[in-house]
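Got a structure for you, written out below as structure tokens; questions coming shortly.
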Amino acid sequence: MISYILPEFLVLRDENRCIQCEVCVRQCANDVHYLDTKDGKVKSDDAKCVNCQRCVTFCPTHALTIIQNPQEFKANANWTKKAITEVQRQAETGAVLLTGMGNPEAYTVYWDKLVLNASQVTNPSIDPLREPMELKTYLGRKPDMLEFDKDGKLLTKLTPQLVLNAPIMFSAMSFGSVSLNTCESLARAATELGIYYNTGEGGLHSSLYRYGKNTIAQVASGRFGVNPDYLNAAAALEIKIGQGAKPGIGGHLPGEKVKAEVAATRMIPEGSDAISPAPHHDIYSIEDLRQLIYALKEATDYTKPVSVKIAAVNNVAAIASGIARAGADIIAIDGFRGGTGAAPLRIRDNVGIPIEMAIAAVDTRLKEEGIRHQVSLVAAGSIRNSADIVKAIALGADAVYIATSALIAIGCHMCQKCNTGKCNWGIATQDPQLVKRLNPNIGARRLVNLITAWEHEIKEILGGMGINSIESLRGNREMLRGVGLTQKELDILGIKAAGE
Amino acid sequence: MNYIIIGNSAAAVGGVEGIRQIDKEGSITIISEEPYCTYSRPLISYFLAGALNEDKMLYRDTDFYKTNGVNLLLGTKALSVDTENNWVTLAGGETIGYDKLLIATGGKPFMPPMIGSDKKGVYTFIKRDDAERLKAIAKPGSKAVVIGGGLIGLKAAEGLVKCGVDVTVIELANRILSTILDDQAAAIVQGVLEEHDIKVILNNTVSEALGSDKVTGVLLKDGTQIACDMVVTAIGVRPNTDIVCGTVINVNRGIVVDGHMRTNIDNIYAAGDVAEAYDIVYEDMRVTPIWPNAYMQGEVAGRNMAGDSAIFDAGFARNSISFFGLPMITAGIIKPIGAEYEVLSMTIPDKKIYKKAVIKDNKLVGFIRLTDIDRAGILTGLIKNKADVSAFKDKLLNDDFGFVYMPKKQRKEKLLGVKRI
Amino acid sequence: MKRVYALEEYCVGCRLCEINCVVAHSQSKDIIWAFKNEEARPLPGILVEEMKPVSFGLQCRHCDDAPCVKSCITGAMHKDERGAVVCDTEKCVGCWTCIMACPYGAIKRNESNTKVISKCDLCPDLAQPACVTNCPNEALIYVDRR
Amino acid sequence: MLRENYERVPSGCAISGAMDRSGQRFSGSDIIQSIAMMRERSNGLGGGFAAYGIYPEYEDHYAFHMFYNDEPAREAGERFLNEHFNIAEAGPIPTKKVRSIANEPMIWRYFAQPKEEKLSSSGLHPDEFVVQCVINLNKKVDGAFVVSSGKNMGAFKGVGYPEDIGEFYQLYNYSGYIWTAHGRFPTNTPGWWGGAHPFTLLDLSVVHNGELSSYGSNRRYLNEFGYECTMQTDTEVVAYLFDLFTRRQGMPIDVACKIMAPPMWDEIERMPEDEKAFYTALRMVYGKALLNGPFSIIVAFKNGMIALNDRIKLRSLVAAEKGDMLYVASEESAIIEICPNPDKIWAPKAGEPVIGMLEGVRV
């Protein structure tokens, strides 16, 4: 059966620049490039190209350019090229369309509809280079009030907290879905930055235990790699209920990615599929969640805060309230643009709600119930830059989780082929030949650079607002105005329109 | 400290450089029978072949002696050593005292038991003078017989051919280069020589040099006569131990030295072709007259003379040589006899590629590489380090043999220069 | 002294080290010109050993006790003032004794060129060797490991 | 009376406060003179005073100062008051015609006590009962506004320069042991009488110079504890935070000050372990109550007065002492004007509260 699917990309090679060095040949795991021994020239098979740009980046003479295949179908606003191609693909495979990374569809990105405030005249802006500017953030359950004795000595005993030098954490990415070098890059960067990274549901590789102080250990429906050592190695625990990219469904790590190290870390046989069920089969209701939260607290002797991560869905505010009351110390909410190592395309692109709306709704709901100050709120799902972070915090988040931007920092070029396991950048792969392409020394440095740059920018923005400590931004929606939003959207976000 | 070095070739230069690594002050005297600044003896064949001139034969720059503070006595023959009084007697009767003495007198050609070897036109091919004399008469059309199909003989033959001389090589053994090649490899090389019009006669030798006072031909053992204008005798060298003759210095085939290159007399050392030292491959005492050994032994001797306690641990035969552009590198035991040896070999005849590896007790003890000599030094290193090759011995003959085939730990120790315990 | 070491865990086998070595030792120092126009292009002083997934660059270790220097029959191979092992190609006659001696297999024949042997010279004119600078994954490091 | 409805108006200001820590009462003329000295810091769009100890004859009664837009509003307001309180005395607050003061609302005063049956059915502490009534009055009775509601104290404010407001209310006829004053420089116009400072809640009064960049966070935090912040002024937020911490949570005043203007993290890092734990806990739990942006405030209450600067001192604040007298003001001149030879005069450090308490009262 001939395939009707045309190459998605075309590889353009400038013959005036190509020196036939074969670097592209050696770097492409998809075997796009090859040396034609008949004429000694390097050539390409466009159909295999995923536009990961490894070859483009590595070509020492910049001889390569990859472009979208310009071949079009007859113009049709309804039956787009994408729509047609997807039908063709499924007609050829009979399979669910699988994909990686986050929802790329053209839904409104509310971050881009929000603008920030700055001080003028009545309130001096603060120069972060000359004045202290504080980003330190504590995540965990807070009491309603502190109690003091007659001499003003503190009587209240606080529950364990995570302390972050900046309100940014690396979101859950499991060893298995990403390479060990990716995990190590994240772990080392988190340690150096004084923040946290999240193990995802794949357990903790033995070589990463030493970064435990900056590790959030996830417990997901598959319970992979969960054991007392794992729980106690981490600084905090996270129960993963759902993920923004695929709310309501579980995960599937194909057996070919379950190599020896992954298998040992996940505590499953080598080569077996690692399937996370859609729900936790011991959590069918909110009271079951409470039991698991306290089971984890018991297992770790109440020394670690417990986070519960949910996907942003229709009634996220009510769910979050329930989670807060179930005893979670931190609630992480993952918006529908959040990334993934692999998800069914239809789910990824159609299920869930934007994080901006979710975080605003949750913050307001918890505030109305008078319990917002008790729990910490973490926003996740496509935080692209420092301004997104500032906006998320102004909408009510205590901190954000980033993953896609972290991966981009260490080499991801958003080709969205994580599910194939052939990541040319050594990130979403277990192929040892590819894994070593990510040098954790470089990965950690690039992550530290990224977060450091963002910290500078956040400080600059805060200074402009006349704020010198991040907590004064938290829920400070006065600092936001909406542009091009309907009144309903403004109301949900709890902000005024620009000019109001 | 007063050092005397007798000789002025690789071992002597190694001696000077060894001494100066430790002792920048002591006085060094070199006594050299030849009137030249140190030059490279292996280069005499290049000189003969016209590949280079006299200047380029220099082994060290002419300011070498000055830079190293060496008192140089050229054209001076040292006659004897007085181990009681610690002095050396020169040909003129003069004596020079020493604190430490290095004997680096090298080898001297072994003359075949041939009638008429004193005739004019019979040459050896060891020294620069030999090459110059030969070059002077090696005219196109003239004929030469080279006695000995070893390294020296064949380099002489190649040089002569390049001068236009018609050359016949007579070799007593059943193959040429018998010390460094096995039968198969020798046959390939012989083919190359013959392609270049060198006639090779095996299993034969010259019994008489013919001619009245100048040689006009040779008579072979089997009765064959070959007319020629010159005869080059190159059946071997033997240690030039004359100077210690009659002393208490222990001489076997060469001057016997320990790992420090010291003779049985505390302040007397020997190095190079004159010395008989431990061979790490054969695990016995041997004279190994090769250039790298000479230098290294000289350097070890020099350091020790200056007070260090260096050990020479690289004593084994190894050679790199080319004939008419066919390169070969061989080392150690190349034609083993005995069941304890494991031999691997491969050949690609049309490319003149031949490879052989000889293994004993999971250690590489010898190899031959013909044509494909790239990275052969890795093998030399394996021999020297007595490395266990069991994990990768099936790869030893691979085109791309390298560290990548070795176990990671072994490789990392070697390449990263760090030993992890 | 500083030497180049390969960290095989991070070598991606792209061979940009070889390519950049050639460029650094070319006449034009221009990659496209060097590869497309220069006839007498130098050989890379570094070589990449590869047996997937293992690969690493390897070049002259500039041994303190360099066997190639000691074995050289002409005195061409020597240590320069930096301590680097370099070859005076004027003196070199191509006897390949250094190839026999080098335990790293880091010396190449380069008969097709004016140079006789070809090896790493640690890029004397650059702040650090071109292979190190251009290694995309920091799999080559230039450090003093004493 | 135009109400600045749901608009938060940034303003620059002058503040001054004087207190006799022995409890001796003194006339309001000093504070008028002091605030008048800083006329340049006001723009005539708001001025006001808080005075403590001025109603000794009714010291057990809540003194309601009210603004009414008109007669119907007064009727509605009094209906509300009568419904919830027993009024001991009611009447307009004496004012004097001052040329620069115009458009004044009806200004009334009531000395009242909660009705027993209302109080017991509410189950609230009398103070909380009053607070709830004030919130309801402001919210539900159109055209009525509670200016102050504390015992033995009152706020006097309006649109105009503060010294003119002082003259308008004839404050030299009152004597009290604490006086605070405020001259306002709002950045929009017209000023609203209710929007002038001080802002009060029960006997707590706040005069404030500055702008809270953290307003949005502070307000959301207060929302959680039932404070509505209808006034949309920064000053209201400060008052509510003080009320929350000191009255409702029973926290020492200096601790409350440390919540609002805490030390920097790096400073906390260098503290001894005990102190470090204390401040870390404060910032962790009360982060959203941190007052960010430039401010100097004077908070007065029945037992004392405190002055506080933001933690990087973006607004001026000077303090002085002479005998039992404690002075605080935006500018030194405003103190020297009424106390030419203080025993001690200093500029308080950023975030370091100046606390003056009546003799025998603990902080």
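Note that the chains are named A, B, C and D in the order they appear, and that numbering of residues resets to 1 at the start of each chain.
Quick note on the criterion: contacts are C-beta pairs under 8 Å (C-beta built on N, C-alpha and C of every residue); 3 or more make two chains touch, one makes a residue touch a chain.
These numbers come from a predicted model, not from an experiment.
J.: Work out the mean Cα position per chain and let me know which chain is farthest from chain D.
T.: B
J.: A-C versus B-C: which interface comes out with more C-beta contact pairs?
T.: B-C
J.: Of all the chains, which has the CA centre nearest the overall CA centre?
T.: So the chain sitting closest to the middle is A.
J.: Could you work out how far the Cα centre of chain B sits from that of chain D, in whole Å?
T.: Centres of chain B and chain D (C-alpha means) sit 105 Å apart.
J.: With chain centres defined as C-alpha means, what is the inter-centre distance between chain C and chain D in Å?
T.: That pair's centroid distance is 80 Å.
J.: From the C-alpha centre of chain A to that of chain C, how far is it in Å?
T.: Result: the chain centres lie 43 Å from each other.
J.: What's the distance between the Cα centroids of chain B and chain C, rounded to whole Å?
T.: Centres of chain B and chain C (C-alpha means) sit 29 Å apart.
J.: Can you name every pair of chains that touch?
T.: Contact pairs between chains: A-C, A-D, B-C.
J.: Where on chain C is chain A touching in the complex?
T.: Within the complex, chain C touches chain A at residues 7, 9-16, 19-20, 31-32, 35-36, 52-53, 134, 136-139.
J.: Hey, which residues of chain D end up touching chain A in the complex?
T.: 8, 10-12, 187, 210-211, 213-218, 220-221, 223-226, 249, 251-252, 254-255, 264-266, 277-278, 280-288, 290-294, 311-312, 314
J.: Can you name the residues of chain A that touch chain D in the complex?
T.: Result: residues 119, 121-124, 126, 131-132, 134, 136, 138, 142-143, 145-146, 148, 152-154, 156, 158, 161, 363, 367-368, 370-373, 394, 396, 465-469, 471-479 of chain A touch chain D.
J.: List the residues on chain C that touch chain B in their complex, please.
T.: Touch residues, chain C against chain B: 3, 5-6, 8, 49-51, 54-56, 58, 61, 67-68, 70-71, 73-75, 91, 93-105, 107-109, 145.
J.: So in the complex, which bits of chain A are touching chain C?
T.: 16-17, 19-23, 26-27, 58, 60-61, 431-433, 436-437, 439, 441-442
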